[in-house]
Amino acid sequence: MSLDFAQQRRVEDLYTDYARVLDDGPLEQWPELFTEDCLYLVIPRDNYDKGLPMAVMRCESRGMLEDRVRAVQETIMHEPRYLRHQITNISATQNEDGLIDAIANYSVFEVLDGELPRVFSVGRYLDRICTTADGTLRFQEKRVIYDSVLVPNTIVYPL
Amino acid sequence: MSLDFAQQRRVEDLYTDYARVLDDGPLEQWPELFTEDCLYLVIPRDNYDKGLPMAVMRCESRGMLEDRVRAVQETIMHEPRYLRHQITNISATQNEDGLIDAIANYSVFEVLDGELPRVFSVGRYLDRICTTADGTLRFQEKRVIYDSVLVPNTIVYPL
Amino acid sequence: MSLDFAQQRRVEDLYTDYARVLDDGPLEQWPELFTEDCLYLVIPRDNYDKGLPMAVMRCESRGMLEDRVRAVQETIMHEPRYLRHQITNISATQNEDGLIDAIANYSVFEVLDGELPRVFSVGRYLDRICTTADGTLRFQEKRVIYDSVLVPNTIVYPL
């Protein structure tokens, strides 16, 4: 079932918020865009297409996303870098359970200290979105299917 | 004449479908987004700006698009690759014939086996869209004007 | 305060016009998208985040934007090049003064003569938009915050 204009706009705003907190912070707000019992997976396209379950990043609750944020900020050694997302060509429909199934294309550019920007990752999001009691939208499931066959050696920040 | 909200959304959905079938398949559905008597042209920007008619790809019916799909799948020798489109900044207006004239910016990223993603092509679409009897939108004419002066040596997949 | 559908569409159309005149011209129309007393700044992200005022390009009126256009066309020595913008993930709200505050992500690709396209700049726009007497939208302030720490050696065209 296709969404009405107001719902469609809310879905687009959710993706805009998603890009914003990852690119410009505060990163602590990233988990707030998910439900408590969410599923977040980053999967190479080849694996996904073959039905292989292996994900390079797997979080099974909002708490695990919060752990991930702390790891990025405190634990993982990494060069400083900036990311910039472009999330486009979103299609969203309501399924029979009242949840929203959404697909979008994304590109992420990375800027390392003293370097020019480069393409870091491209792919698509396969997402399930639910409407909370107060009417806001949250990701119930997010699958990041990235096109490169190579596993980038350092996925530090979430995609 | 500017489009109403519902028509504008349908135009955006058409571009989203266009990106989807090229990036994630099935590629056989790509010709279905065009009318039977469509025109599909891929033209270097320099030629287009000078009014030169030469196109690096030219299809004058949906049947020719279907031939192109078969060629990609069966005939042309090419390395496996993934494409990812981002189609943005769409402007669409209705002309006096009831057709929709649409312009959009696009980027296409390419991922070759074992490599990181790179920018493959950027440019714009200059399109004419018609509404079929059952209310769906189809490309009547599509001109892909790509910015690079270089002809990429292998345009395998449609842009 | 969030915008109604019609205002939201006008904001998106303004960004589409912005991309169009920079990418496909005529460049002379670029200043027309700003108010007479506009402010246009291009600022490296590091400076912006630290509250440093230094901008690599600063124009404090539409007249200065027109000077910039003339400089690009007549004075500055530069290789011929094409640009292509993608402006996405726009969020816009109305503030208490009746102005629209808008944030958007952008990428700009550059194609030099005889070369393949490459990522030139990525970042975000932090903009203030006003509605003129005849109902059209114009940029009152535009801050281009680009992510690279490096100052690209040749910002010829506006971003």
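By letter and in written order, the chains are A, B and C; residue numbering begins at 1 in each of them.
Here is the rule we use: a residue touches a chain if its C-beta (ideal position, glycine included) is under 8 Å from a C-beta of that chain, and two chains touch if they have at least 3 such contacts.
Everything numeric in this text was worked out from a predicted model, so none of it was measured.
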Fitting subunit B to subunit C on CA atoms, where both chains share a sequence, rotation angle to nearest 5 degrees: 120
Would you kindly state whether over half or under half of the residue numbers at the subunit A/subunit C interface are used by both copies, giving same or different? different
Please work out the Cα centroid separation of subunit A and subunit C, and write it as a whole number of Å. 27
Provide the list of subunit A residues touching at least two other chains, using ranges where the numbers run on. 5, 86, 88, 107, 119
For the complex, which residues does subunit A have touching subunit B? 5, 8, 45, 86, 88-91, 103, 105, 107, 119-124, 147-150, 152
Touching residues of subunit B toward subunit A in the complex: what are they? 5, 9, 13, 15-17, 19-20, 23-24, 82, 84-88, 107, 109, 111, 113-119
